[in-house]
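Next come two complexes, and both contain chain A; in the first it sits with chain B, in the second with chain C.
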Partner chain A sequence: MIRRPLLSLLTALAFLIMLGPVVILLGVAFTAGSTLTFPPEGLSLRWFAAALDYQPFISSLGTSLVVAALSTVLALALGVPATLALQRGLIPGRGVVENLFATPIIVPELVLGLALFQQLMVGLQITALATLVIGHTVLLLPYAVRVVGASLALSDPRLEEAARGLGAGPLRTFFQVTLPVMRPGIISAAILAFITSLNNVPLSLLLTGPGVSTLPVEMLNYVQSSYDPVVAAVSVLLLAASVAVALVTERLVGFNKVFGR
Partner chain B sequence: MTPVVQLESVSRAFGRSRDAVAAVSDLDLAVPRGKFTTLLGPSGCGKTTTLRMIAGFVQPTSGRILLEGADATKTPPEKRNIGMVFQSYALFPHMTIIDNVAFGLRARGLAKTEVTARAGEALELVGLSALAGRKPGALSGGQQQRVALARAVAIRPSVLLLDEPLSNLDARLRVQMRAELRRVQRETGLTAILVTHDQDEALELSDHMVILNKGRLEQEGAPRDVFPRPASRFVADFLGYENFPVLPGHGPVAIRPEHVRLLSSGEPEDAGVTLEATVTNVTYQGSHCVVEVNANGLGDGTRLLCAHPGEAPRPGEAVRVLLPAAHLVTLGEDAEAAR
Partner chain C sequence: MRRAANLTGVELSRRGTLFALLVPGLAVLLFGFLYPVAATLAFPPDGDPATVARETGSLLTDPYLLPVIARTIRVAVVTTLICLVLGFPVAYLISRVPPRWSGKLLALAIFPLMLNTVVRTYGWLVVLGGNGLLSSLTEGLGLGPSRLLYTETAIVLGLVQLFLPLMILSCYSSLSQQDPRLEEAARGLGASPGRAFRQVVFPLALPGALVGCTLVFAGAVTAFTTPQLLGGARERILSTLLYSRVNVSLDWPAASAVALVMTVLVLVVSALSSRLSAKGSTQ
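And then the complex of A and B:
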């Protein structure tokens, strides 16, 4: 029973555009043939085995995870206090400061990458790994500020006053009231930031050095020289990892549970 | 006996110095111990700012605030021993009800057994012991506000501050919660200050009411003294006096519609002012009619409203209207105009 044919059609189209490439990717990854073709020629796991055997993928995955973890932690460490100040403090020119935190989204990543490359790697001789972490932190900061800010904006600003009135000092108020209230926001910001970092190409492309490369960059390199389904297999593994992270967090913290509903 | 809370010419302005707006101007106040005091006024009259200054969330621009006789102007909120109840309840969403109520006791570093005993006692006072293990999100608005009240009372504050605590509740619940507030205040013997814009709430609850207008004190006293004798046009208007005629020989007066009487022909006149008038409009209200008349002797446009219980006259009819002397209130100037 379709009551709105046009709306249904558009919805179906949207799903097709979103999920179609994923379906194709899945097919290609499990192919038994040796080219990137769809539909797959038979089923096998040989390309997954090949991917796990390819040393550059394994070592760059290590780099990617380290960079994603460190830059997520750093972006939150900088972003959470900034958000608190923006939302609860009295900051002159609040709107301007808030918009400044969005600039890394607006500035093309290649520009940011080039600037960091020149200033940090060439100018200050900082290692590729450290520069990657710094670059990704800059990239993730807007997400941290926005997502944590949104959760804080939804909570009652009187909560802190209630705690203070009941005799809790500023520190106790922060750790027992403000921080727990922000927890769902911090967790979703962390997931979003981690996945964003893990998938980033443009910034990483300019900040990788000899022997230090992230997985997406390494995948790009691979595609440029070879034309086999190994890359599809790696993509499926990345996809599976991302979905797993999202599902596990949802189960562990279940945002609804945090609010006690 | 020292008042629990004293304000000495307290002012508070918001905004930058040049275009600052005074929320509270030169306010003197003494809050009597063990009594229920209300700060009453329309929005923007400075009542909430006053309460927040007493709590310590807002600093006065000038003046002093004394708690228990000691200067507390600069004391941070957590050292003031106040129990505050907010309009939005402000329960901690991640804690159970009992942990909410125990929060202030734990912050005071009390022994575990005492925390449990006093939190349980406070929750029992508002009749919600059965919900101790729930989270606030699982409770109705009325229940949440009772938890907030228990949380504030549990710390045995020297003053209970209530910031429009009933405004978010529906009309029926609001009336129930009024009685609940009054009962809890009586049983605990706490000094309470309630901020409200609802005159019925103030009349029902207060031992002492303070009416504010544009940051200044208009009138204060017991409801029984203030209600029949408003000192200014502002207070009269706010308390539901709707007629403000200027009578020859009396000057400006105020009288409530339910006290204006329509005289039937031949009825003897009581003491008061009798006016010849023409009916201009009649509105049916169930238990009575509101009859709008234009008084002939008072110049154009002196409109009077009269709540008339009997059969209403028709528009255009000539009537005689009696303003009984016992109900005529002679008005002084508004506090602001007097300056």
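And then the complex of A and C:
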């Protein structure tokens, strides 16, 4: 083993780097002063009020939620049947098809964003919102296929055969056997996909239109143009929401199981 | 004969079902991914494969742009190494502490993945900025103000923060499957703690570490928010260069060239790493 003091030191350093900058934002957000400094100059909630008053944040939060919800539903609607076919059917060239569903992860998101902007938004005149949904669906498909596939691969196909053997039709077998087996996988995939979409920057960066932009992109734009702590307040609100989502996830399917893959 | 015909009928309907299950997903991949990416990399607006090839050539020889590629690779390599040096011990610790601790520590390491990159990087501006935390510390020590913001070091720090959870998770997945008695056996046979670690624990966890290194490297090459905020226009890497090509200079073929180099870099490293891990598993 590594010597204890060294092990503890490296671990402490790792957690300091991972969490320190986020914890500092808690201090910055509650400052009464108007610059980005830590420790805060007096306490106030003025930056939270300013954040909730800033229209681009509110409208982009709406866009982000709509895009995340739609693309999660679409990715599952497309991904679950595909996984089912890949896991339960005998498909010629199965490996190739499986790899195809995983490719969006390998190509840089910024490149995919540029491609969608050029070809779909400029080329085919598709709106920014629709392009965002298409792009995020593509981004989330690999997660849906992989996570649901993992839960299917662990289950026993003989359960379905038994149901069929006992006289259940294909639809009844699907809804009463296969779907319950996939349920934890689907819930995990949905949570993971929703959060992934909500947090995305590089893919969404170029897919903006009049009044259409996602919250992380608006936050990035704001940080680049002004130096006041409004974004720290937004960050703290998002942090609180994430803690809530983490707790709900822990109750539903287990936090480490969903995000630790 | 009737039976055989029937079977083929079943077979056909099964084929039809499988087809119906797969096609919608494949169609979306084609329309929303393969077509646009291929079109943009080869045929950007006001350009063709020849223009992109020429732009890529000049990108690879231009004395201003070559350092950008070199910086991208350097930043990604250093980030990967630091993540390995910090992440492996954390994963080791998590895999060896009692279960009631390991779950909590793992959750703490994973939690940052729920936050967007702006939230995670923003704090570094407070730490590294002109009158930030670090600067007041060094000034207090009489060392003068620190000027780390908008340097390569700042980018690396931000990226290490971003990707440490991925490294910890990858190493942990290997380490948690390892039987701790192997290490105890090595110790019992007289190996020093360091030797048991070097010759038993680490080699057995190598596949996980390799996956972690690949994820971190690819992530560091393609990350945008962090190098944009902490490196800015002064320390460009490929992703921030791509963005400025698109947004500032509106030079499509040049943007395609940068996109091509970036994509190839990630693909080559992923391919190398899967070759390496395939080799490792046959040995």
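Convention: the second predicted complex is superposed on the first by the 246 of 261 C-alpha atoms of A that agree within 3 Å, B and C clash if a C-alpha of one lies under 4 Å from a C-alpha of the other, contacts with A are read in each partner's own complex, and residues count from 1 in each chain.
Methods note: contacts are C-beta pairs under 8 Å (C-beta built on N, C-alpha and C of every residue); 3 or more make two chains touch, one makes a residue touch a chain.
Predicted, not measured: the structure shown is a model, and the values here were computed from it.
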Fit or clash between chain C and chain B when superposed on chain A: fit
Considering only touches as defined above, state whether A:A51 meets chain B (first), chain C (second), both or neither. neither
Applying the touch criterion given at the start, work out whether A:P180 contacts chain B, chain C, both or neither, answering first, second, both or neither. first
Which superposed partner A:G167 touches (first chain B, second chain C, both, neither): first
Of chain B and chain C, which one touches more of chain A's residues? C
Regarding the shared-chain residue A:L61, is it in contact with chain B (first), chain C (second), both, or neither? neither
Is A:L110 touching the first partner chain B, the second partner chain C, both, or neither of them? second
Per the contact definition in the header, classify A:V245: touching chain B only (first), chain C only (second), both, or neither. second
According to the stated criteria, A:L159 is in contact with first (chain B), second (chain C), both, or neither; which is it? first
Can you give the closest approach of chain B to chain C, taken over C-alpha atoms and in whole Å, for the superposition? 6
Show which residues of chain A both chain B and chain C reach, each in its own complex. 259-261
Mind listing the chain C positions that touch chain A in their complex? 14, 17-18, 20-22, 24-26, 28-29, 31-37, 39-41, 44-45, 85-87, 89-90, 92-93, 96, 103, 106-127, 129, 131-133, 157, 160-161, 164-165, 168-169, 183, 193-194, 196-197, 201, 218, 221-225, 228-229, 239, 242-243, 246-247, 252, 255, 259, 262-263, 266-267, 270
Under the touch definition given earlier, write down the residues of chain B that touch chain A in their complex. 55-57, 76-84, 86, 88, 90-94, 103-104, 107-108, 134-138, 148, 151-152, 155, 161
For a test of understanding, state which residues of chain A touch chain C in their complex under the given definition. 1-3, 6-8, 10-11, 13-15, 17-25, 28, 35-38, 74, 77-79, 81-82, 84-86, 89, 91, 97, 100-101, 103-104, 106-112, 114-120, 122-123, 134-135, 137-138, 141, 145, 195, 198-202, 205-206, 215-216, 219-220, 223-224, 231-232, 235, 238-239, 242, 245-246, 250, 255-256, 259-261
Using the touch definition from the top, list the residues of chain A that touch chain B in their complex. 155-156, 158-159, 161-169, 172, 176-177, 180-181, 183, 258-261
